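Below, each structure is written out as structure tokens.
Across the two complexes that follow, chain A remains constant while its partner is chain B and subsequently chain C.
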Partner chain A sequence: MENILEVRNLKMYYCGRRETVRAVDDVSFSVRAGETFGIVGESGCGKSTVCRTLVQMQPAPGKILGGQVIYRGKDLTSLSEKEVRAYRGTEIGMIFQNPMTSLNPVMKIRDQIFESLKGRGLTKKEMLDQAVSLLRLVDIPDPEKRVSEYVHQFSGGMRQRAMIAITLAARPKLLIADEPTTALDVTIQNQIISLIARLKKELGMSVIVITHDLGVVNEMCSRVAVMYAGRIVETAATRELFDSPAHPYTKGLIASLPRGDGSGDSLKPIPGAPPSLAGEFPGCAFADRCPHATDRCRTERPELRPAGPEHFAACHLTGGNA
Partner chain B sequence: MEKLNYILKRILQMIPVFLIALILVFALVHLLPGDTALAVLGAKAKPEVIAAYRAKMGLDKPLIVQFWYYVKSLLRLDLGTSTQYNMPVLDLLLSRFQVTALLTLMATFFTVLIGLPLGYLAGAKKDRAADQGIRALALLGLSLPTFWVGLMLMLIFGVRLRWFSISGWGKTWQDHFRGLILPAVTQALFAASVIIRNVRNNVVDVRSADYVDYARSKGLPPGRIASMHILRNAMIPTVTLLSIRIISMLGGTVVVENIYSLQGMGALLVGAVEHRDYAVVQGTVLVFILLVLFINLVTDIIYSILDPRITLD
Partner chain C sequence: MDALLHIEDLTVAFDLKYRITDALARRERKKLIAVDEVDLDLMPGDTLGLVGESGCGKTSLARAIMGLYRPSEGRIVLGGTDRTKLSGSEFRRSCGDIQMVFQDPYSSLNPRMTVRQMLKEELVKHRMCGKSEIPGRIRDILEMVGLSEEHADRYPSSFSGGQRQRICIARALALNPKIIVADEPVSALDVSIQAQILNLFVELQKKLNLTILFISHDLQVVRYISSHVAVMYLGRIMEYGEAEEIFRHPRHPYTRILLEAAPRMDVPVNPDEVREIIHGELPSPMNLPTGCRFHPRCPCATELCAKEEPLFDRSASHRCACHYPIMEDPDDGQR
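For the complex of A and B:
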């Protein structure tokens, strides 16, 4: 299968006056056409930042200092702000974490959909028809009426659906879902997950799901990358990752999940906290929390190396006793 | 339909406010120390003459009855007669109203013209040179007293450069505008400084809102994001503030009209107080109150259009 997106050695640093924060540090991954790719990691590991950087939407004062983002053969990092804008929305669409705050409160849902439809030469009537059928597509009941309402008249789950409809109006080929379920009730979470899965199939999109929730990864993603402290530490097919995690951090993440088998075993948290991304650390970012860390781990940065079929891990101990 | 309902409710809510204001205006004059009859006829008037005057004007009746007379005459649009000008107060007010209305309109126009773009620019360039400069200007605008600004503008643009007239407001519409530019700018400088600071802070807040980020991710052009997503939301709190500033500029006409020798309601009010021309004081204050109520109504209507979340309940 061909890749719709290839990220190669992407570096995005926040260059402040006093210090440099390595938010995205030499990140590489690829997304195949038609697949759902997961990026998983804890808060602040840079998973959202990577995805914003793809379309040059990194927060100020972030600068792309190296690497490439090859989207369907074109390097997006080489484009000007104006050129990359043509890719936002229509090629790479995003849905955000918090549906309560991500929609404009003073614009009707209709008008927020129209913004995505503009430039396609549609009449007002056609745009309205499109907007209604988009709301129907995301299972919003009574779409003819709701299309003319404002965000505050929608519940949380409905807002997330509305945001998906707005993003889909531009017919993106790659959908980035940034923690799409985190702000929602558990019952709604599953609805949104299956909605995204269904739409992906119906519209033939590729999807990147950013999440801290391994359960979401398990349900949605065919392949997954684990991020830690601005770096990718492991990437594999989802099944493979859960069955035989190679990086100690991934093992820790999986071990910290509730088993749900009634065994009563207490959760095993990973001790410690992620390092500060300011300044340089030569070795493995996880070394300080890793139960197996050696001197080499603290001085030499591990590269991603094969750990199985289509399975890579950035650990000196992979294949050894880790 | 819902909007019309909202406006009607707002108008109905104003009736009790207006009634209370009416009572206050009436009480203001009647509870003041000093006898109207004495003020009109002079201290040397004979007691019979005073008594006759009091009977004629209804001043010997209980206050409640006098209030009823007052309301009845208001309903006939009879605001009494000015003792100072010896003409009906209504005619006097009608001739003065346009000066104050035009002055305040122009001052509002300048306030928005200066305040909105500068405030937006400062917010968009937060902490950069433009922001620092505009904030310093706004602070200066807040610190300078209106009467001093008025005199300085007069001195520079009226006396030195002779661009504008410095007193009165002429005969033609062009004259009116030329005569009102300096006083309007004088009024607007303070108000615009308030607006600049408010718009700047709102823009800073809104720019970091998730929905602006989301709008960018849709690939919208910067102009569209600035207008529909940032400014539309940033302006909502500003509307309330602007209406407060307009109302206080109405009060400011008392100072500014005197500096620029404009024959408006502010100057009229000052003169009437000096000469104990009670009917004029009452009439002028009443018109000011109506103006304030009107401005509040317009603000509420604009507010309900700008922010769909607003309902009456």
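For the complex of A and C:
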């Protein structure tokens, strides 16, 4: 399958006056056409920042210091602000965790959808028809009436649906969903997950899902990358990752979640807390919390190396010399 | 065994805004019933997990137990006394018996007080020990939650989320409570930190023989920590029983849907398959459905469900408020 997106050695640092924060540190991954790719990690690991950096939406002191973002053969990092705007929203759409803060509270849903439809030479009537059919597409009941309502009149799940509708209005080919279900209840979460799966099929999109929830990864993604301290530490097909995790951090994450078998076995938390990204790590960022760390881990940075079929882990202890 | 905490017919209702136009139009005053005739028993040394969607009344129930909301009806009996009937000073004297740990460790700690000041305030106010014993007691409490004395003179801002939640737990333990009410104590934490706090709860419970009411929306977390589970929907308890029994043989269709809807990582799923389990959203608690509250979303609802509210057999060990409880689970053992 061809890759719709290829990220190569992307580096984005926040260059402050006093310190440099390595938010995205040499990250490489690829997304195939039509697949759902997951990026999973704890808060502050840089997973959202990577996706913002793809379309140069990193906040102020952030600078792309190297690497390439190749979207359908074009390197987005080489484009100017004006040129990259043609990709934001229209080619690469984004939905965010909290729909209440990313939707405009004083604009009707209709007008927010119109904004994405502008510039296509549609008449007002056609735009309204489009807006209604978009709301119908995301299963909002009574779309003719709902289209003229405001965000506060929608429930949490419906807001997320409305946001998906607005994003889809521009017909993106790649949808980035940043924690799309985190603020929602399990029943609504299940509805949004199946909605995204259905839309992906119907519209032939590729999807990147950013989440901290390994359960969501399992339900949505065919392949996944695990991030820690601004770096990708492991990438594999979803089942492969859960069945045979190679990196100690991934193993730790899986062991610290309650298993659904009711065995009551004690959870094994990862000791300590993630490091501050302002520091410099010559070695592996996880070395301080890793039970198997050696001197080499603290001094030499591990590269992603094969740990199985289409399975890579950035750990000195995987591969041949484990 | 007698219950340590006995809750009977507990109802928490809030008056809704009544505008002058409503009065002129002679509209009735409306109430939002957040908790509706709930019966629950907490056995000593037990952990009761309370699960449900947001807005189902879990937190209102917890706050009513704490005495933060005045219940409109019902009794909350702890050690023979009904806490809803206590006077102000009696209540203050007994409030050390039940302590609470809140969801957000960032907003529930005073940013201008050091850990020592916080703990000392409680110990002094509630006359827990003599002045000379305070430093020793603070050291003991901190040790219990996995912190050391060097942390005592720091402000909350210098702690991580997990450490803050430990401080919240330390604060709750300072008064030697009989019961801890933990309202989503791990929801704001990262996975690797969440496990540390869950293990701390388990360890403390064993050591101090605590009784815990553990509120969470995360079913796997509840399964891990609880001995009993109550499932709440729109202010009512829909199912109650031993944790493993509920997870292995859920009888109420709602419980079953909750279990199936939760994303899990231990079962292979085809991500391209559309797997929608439940339609519709939680109805507004101001406008409750007739009959069984779950019937508009229930896959097995009949006319009877729309008309008649199913009763709860209060004596059974596994109770379920449904006209058509699921008696056999075909895929038993998989869950």
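What we mean here is this: the second predicted complex is superposed on the first by the 318 of 322 C-alpha atoms of A that agree within 3 Å, B and C clash if a C-alpha of one lies under 4 Å from a C-alpha of the other, contacts with A are read in each partner's own complex, and residues count from 1 in each chain.
Simple rule for what comes next: a contact is a pair of C-beta atoms (placed from the backbone, for glycine too) under 8 Å apart; a residue touches a chain by one contact, two chains touch by 3 or more.
A quick note: this is a predicted structure, and the numbers were derived from the prediction, not measured.
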| item | value |
| --- | --- |
| Combined model on chain A where chain B meets chain C, clash or fit | fit |
| Which of chain B and chain C A:L317 touches, first, second, both or neither | neither |
| Touched partner set for A:V69, first chain B, second chain C, both or neither | neither |
| Touched partner set for A:I193, first chain B, second chain C, both or neither | second |
| Contacts of A:V24 with chain B and chain C, given as first, second, both or neither | neither |
| Partner chain(s) touched by A:V216 [first = chain B, second = chain C, both, neither] | second |
| Broader residue contact with chain A after superposition on the shared chain, chain B or chain C | C |
| Touched partner set for A:E115, first chain B, second chain C, both or neither | first |
| Partner chain in contact with A:I270 - chain B first, chain C second, else both or neither | second |
| First, second, both or neither for A:Y150, with chain B first and chain C second | first |
| CA minimum distance (chain B, chain C), superposed complexes, angstrom | 7 |
| Common interface positions of chain A, toward chain B and toward chain C | none |
| Residues of chain A defined as touching chain C within the complex | 36, 42-43, 155-158, 185-191, 193-195, 197-198, 200-201, 212-222, 238-239, 242, 252-262, 264, 266-270, 273-274 |
| Chain A contact footprint on chain C (complex, rising order) | 53-54, 160, 162, 190-196, 198-199, 202, 217, 219-221, 223-224, 243-244, 247-248, 257-258, 260-269, 271-279, 281-282, 335 |
| Of chain A, residues touching chain B in the complex | 55, 57, 85-90, 93-94, 96, 98, 101-108, 115-116, 150, 152, 163, 166-167, 170 |
| Of all residues in chain B, those that touch chain A in their complex | 209-211, 213-221, 224, 228-229, 232-233, 236, 306-309 |
